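Common to both upcoming complexes is chain A, partnered first by chain B, then by chain C.
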Partner chain A sequence: MRIAVIQFPGTNCEHETLVAVKECGMDGEIFRWNRPEQELCEFDGYVIPGGFSYQDRVRAGVIASKEPVMATLREEAANGKPIIGICNGFQILVESGILPFGDGVRLALAQNVMIRGGEIVRRGYYCAWTMLRHDAEERRCSGSYILRRGEILSIPIAHAEGNLVSSDKKVIERLIEDDQIVFRYCSERGDIISEFPVNVNGSTENIAGICNPEGNVLGMMPHPERAFFAWQLPWKHPRVRGYGPGRIVFESMRRYIEERRL
Partner chain B sequence: MKVIGLADSELESSLRKAGIGMSVSEARSIATILGRDPTLAELFCYDAMWSEHCSYKSSRAVLREFLPTEGPNVVLGPVEDSGIVSIDDEWCVVISHESHNHPSQILPNEGAATGIGGIVRDVNCMGARVVATADPLRFGDPYGRESSRVRWVAEGVVDGIWQYGNALGVPVIAGDVVFSRCFDYNCLVNVVAIGVVRRDEIIRSRAPPGSGEKGYDVILVGKPTDSSGFGGVVFASDTLREEEEEANRGAVQIPDPFLKNVLFKANEDLFRLVREEGVEIGFKDLGGGGLTCASSEMGAAGGYGMELDLDMLHVAGEFPPEVLCIAETQERFLIIAPRELRERILRIYNEDWDLPNVYEGARASVIGRMTIHDRYIVRHRGEEVVNVPIKHLTGGIRYERAWRPRIRNLLEPAVKMPEDLNMVMLELLSSPNIASREHIYRYYDTEVQGNTVIRPGEADAGLIAPVRGKDFGIALSVDSNPFYGRISPYWGGATAVAEAMRNVAAIGATPSTLTDCLNFGNPEKPEAFWEFRESVRGLADAARNLWLKGYPDQPVPIVSGNVSFYNESPEGAVDPSPVIACVGIMKEISKAITMPLKESGDEVYLLGPRFDELGGSEYYRVIWGITGANVPVVRFPLERSMIYTVIDAVDREILRAAHDISNGGMAITAAEMCMLSDHGISIDISSLGDMRPDRLLFSESSGFIVEVVDGAEQEFVKIARSYNLNPVRIGRVSTGGIEIERDGKMLVRLDLEDARDAWSSGLREAMR
Partner chain C sequence: MIINLRVWLKIPDAEAATVKNTLLRRMGYQGIIRDVRRERLLSIESDDVSDPDSLIKQLTRELVNENKENFAVSVGSLELSNGCVPVKVSLWIEDGEAISIKDRLVKRLGLKMIRSVQRANIWKLYIDGDDPESVARRIAEELLVNPNKDRYEIIKLG
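Moving on, here comes the complex of A and B:
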């Protein structure tokens, strides 16, 4: 089972993402953007990691989304192979139109706007640990394949543009109807509260991650590779050996590939 | 340019007209050595190399006299871009520490960003992977005469740091911020970077042995050279004057984290190539003094000369040779490598990582070769524009600066006992110098690389585990208190070292090495130079007397540092600010502890007797508006014992939380341990002697407050006694608020929510 971790100029999370892939028993390698894109077809799954591809020029993710490797990934997505885009990877998937419906750019990940009590209390970059509620059905999405609906994970975010918006209300309605909303920002008890700090970036419906209609492509703003080991967790968690909540995303990918093969 | 035969006044005016900062006597000495009039390009090269920034001409004698730079763990002392100490037999920490003060005052965003850009190059060029940064910042009074400028600078600096560091992908794991009127016109923006490297894979910033005989290539990689930062080191070596602000903007460099990110990855491939080939190369970043500084220092360090051809340089336009030589265009590195590797090195940068398409005009170019003669020769358009003895150029000059104590009439005041200590506590908690740093650190990507174990806000030091599969971690902390430095530069230096070491000990890590970034006024003024000298003496005494744990009588070595003079405006100089960074080694990251209280019922102990030391304290400053005179001093054996006790107790896993006592004294220290926690604290100070309660609670004498694991109190006391300490049980973790009593009388009773509100709003308001 081989996973390609796609590296654009400006990507900066490829190494820890590859560690997560390998730790889950998958083979993997970092795939530089200017390698022949046909070589991508040999892989069983793909992760587009976080960073600032092409310096966020024009808009975060937009230049990378035009690279030949993304055209290949679109084909591989249509073949049902799993793709997980994390942070800038999510932005690239949205800009390439692979998410949400595979038919063009329907969403934007806009600048974070933190709102509390009807007032904007902060804007822009924010790095913090957040609580996520898994809102999709079990086995709905490649990157949350073995998570049950309603399970809660603690995973950090670090971005300036993760505020998911659409000018077309129907897009959000369709995401809800088709069970494409995979993760939502929630309180420690799992409640969806629309205000900061629970809704950490102002995202519509507290959306932190979505999948395509087929479920094989996942885009999420939080970084599961940074919550992969227990020692990476904040001070409140006991400092123990073993794994953290982010592992389940990569483990899900492996299980998804295994079951698809059967 | 004519030097010989000109009268002093003529020479002075022609130097200034050309934009050269050196003195008349310096120019004459160059003409004497060359035996002819120097060219314009030569004068500019010398001007950069002999600037305070590059040559340490004022400071070097003092640094040599006092600083302990050797120790059993030192792999490379302060001779190249970064210092290196060993972690174990295999791995080393690489550390560098610099200032970017002048540029940040003029253009805060670009100035601060360039500071990070430069420091990470310093660490990377030793062959290391850059794994963390820390940002000690000093801004003016946000409520004072220059409040709008101060806030503009503070906001711009923080933006510059996050915009650069986050994009590059290096986490910020430590830092501090102090606001004081003395920084109104001169902010201080220091930056520390650390990296990790295997001991046998260190790359040196010098021409390798044999490179002259074999005529190795000199290869420049990165951004095309332009005129940005031209004269930057000369600008950094002068006092800031408002009327020159416009002209000085041109001396600030323009950073690019995106290109740096790609360059770092290409550099990794270069390192891999030379490891596989088993050859030694020279590798150095281009910083202050540009191409001339990097190339001549590498040549001189290897004992060789070199010949460079500026026509082979990739450039971003037409520039005269002196600009190409010393402009400080960012994101560039210099390689000295055998000719056999030329094609493969060029391929890494120009094809694999496709620099020309990633950034317009960026690439790797062969620009010259090494020679066995001792000259530094530069050609431009077929003409020799520089031909000087290389060691004369890099040797710089020395000044013996005069010093004279600065007399300040500081007295210990007679203040009355406040009626309501609750109000005092709330005011201190909301002071911008004490309040939560969350407003700033949420801008920083503290998690990138996935190595972070303890992040800003959680403890006195940050901790990362940068090598997967290894149990060890690297702790990092920074410290300097300008208010102590104002009263006594000696104790300002010593307490900065002691506190930085206490900070890493508070999570359980053992102090391993120190760096110093010495920020002072104009060294040509005897009082400023005295402050510098005293601070260096103080910090050196502390480093020498606090000992590397396990090696009695051996100092904690200072392996890297930087001197920043001329932090002065017509309004005066900054208070003496020797900023210290301390690296600690944590053998097992799983044992590290944090600051918040964990379990109600646990007993809380105080380490460190309270002395009447309120000089420079937050209490005096915030509540009474005075400085005072009784500055905290470092009692070396006591300090050492406290640090060792905490390290040993954490190693035995009998502490649940620890916090060192500093700004705000023991009362604020205790309160801070409740801020992120769900727990409160009940303290009884009846057994701490009869000092007046406000003095006892807010004195900033050093110490620790620790939460001991239930049932392990005896063991903790035993460890402390083995170091001749008497820890005092002062209270318990509670389910209520913050309570402090004495002899049955409640002195402080604060609701946690009220305390948190004050603490969490102070910095946000100051930076709004």
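Moving on, here comes the complex of A and C:
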């Protein structure tokens, strides 16, 4: 089972993401953006890690979205292979139009706007541990395949542009109706509160992660590879079988590929 | 009055170079795009003041770093040179940075006459061919703008 961890100029989480992939029993390698794109087809799944591809020039993710490897990833997504985009990887998937519906740029990840008591209290880059509620059905999405609806994970974010918006209300309605909202920012008890600090970036409907209609492509702003090992967690955060909750995302990918093969 | 402050880099502009490279190498604009340049535009609305030159000097001192940037100021209409298609890109959702600039000018620097600040990027596209405006529109929609948060307009040159 081979996973390609895609590296663009400016990606900066590829090594820890590859460690997470390998810890979950998958083989993997870092795949540079300028390798022949047809070599991507040999892999069973893909992770686009976080960072600042092309220094976020023009806007986060848009330059990387024009690279030939992204056209190949679009084809592999249509073939049902799993793709997980983390943070900048999510921004690239949105700018390439692979998320949310595969039919063009239907969303934007705009600058963070933190609102409390109806007032803007902060804007821009923010780095913090967040609570995420898994809002999709079990087995709905490749990156949360083994999570039940309502389970809560503690995973950190670190971004300036994670405020998911759309110019078309129907896009958000369709995401809700089709069960494509995978993770929402929530309180420790799992309540969805639209204000900061629960909603860390002002994202519509507290959305932290979404999948495509088929469920094989997941984009999420939080960094599961930074909550993978127990030693990465704050001392009072709950461990999952001795690991951090971020491991579940990579375990899910492995399970998704195994079951798809059967 | 509206003070238009255009700011561009003296040093090489990596962002403009990246846009040019992406258009040429990845998006099929070889032989169409000759060059791409970028300017920052701040449109600052102010009450009329007795000494506008002094206000403009103060604004440029605060908003321009002359070690790396050049600037040009016009009051009223926006003045741009010919030879390119200027595409003005701004946010249609709330622009937090523009609000921060206004707050800085009014609350920290005491420029109480400032009413509003609007921010945009002007992409100056040097295009060969018959219909440069429609090429510029295509480039804006394919690369420069995400319509879920941005808007654009082609600035007509005089």
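Operating definition for what follows: the second predicted complex is superposed on the first by the 255 of 262 C-alpha atoms of A that agree within 3 Å, B and C clash if a C-alpha of one lies under 4 Å from a C-alpha of the other, contacts with A are read in each partner's own complex, and residues count from 1 in each chain.
Going forward, a residue touches a chain if its C-beta (ideal position, glycine included) is under 8 Å from a C-beta of that chain, and two chains touch if they have at least 3 such contacts.
Just so we're clear, the structure is a prediction, and the values are computed from it rather than from any experiment.
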Self-check item: Superposed partners chain B and chain C on chain A - clash or fit
Solution: fit
Exercise. Could you say whether A:Val240 touches chain B, chain C, both of them, or neither, answering first, second, both or neither?
Key: first
Quiz item: With the two structures laid over each other on chain A, which partner does A:Phe228 touch: chain B (first), chain C (second), both, or neither?
Solution: first
Practice problem: Mind working out whether A:Arg261 is in touch with chain B, chain C, both or neither, as first, second, both or neither? | Solution: neither
Exercise. Considering only the touch criterion stated at the top, classify A:Arg189 as touching first (chain B), second (chain C), both, or neither.
Key: neither
Exercise. Compare chain B and chain C by how many residues of chain A each one touches, and report the one with more.
Key: B
Quiz item: Quick one: angle from chain B through chain A to chain C, Cα centres, nearest 10°?
Solution: 70
Quiz item: When the two structures are overlaid on chain A, which partner does A:Ser167 contact: first (chain B), second (chain C), both, or neither?
Solution: second
Self-check item: First, second, both or neither for A:Tyr54, with chain B first and chain C second
Solution: both
Quiz item: What is the minimum C-alpha distance, in Å, between chain B and chain C after the two complexes are superposed on chain A?
Solution: 5
Practice problem: Determine where on chain A the residues touched by chain B overlap those touched by chain C, and list them. | Solution: 54-55, 124
Practice problem: Over in the complex, which chain A residues touch chain C? Could you list them? | Solution: 54-55, 57-59, 62-63, 66-68, 95, 105-108, 110-111, 113, 120, 123-124, 165-168
Self-check item: Residue ranges of chain B in contact with chain A within the complex
Solution: 162, 166-169, 256-258, 261-262, 352-354, 358, 441-455, 458-459, 465, 468, 589-592, 594-596, 676
Quiz item: Where on chain C is chain A touching in the complex?
Solution: 14-15, 18-19, 22, 26-27, 91, 93-94, 96-97, 99-100, 143-144, 146-150
Self-check item: Parts of chain A lying in touch with chain B, wherever the complex brings them together
Solution: 9-13, 15-16, 19, 32, 34, 50-52, 54-56, 124-128, 156, 158, 223, 225-226, 228, 231-232, 234-236, 239-241
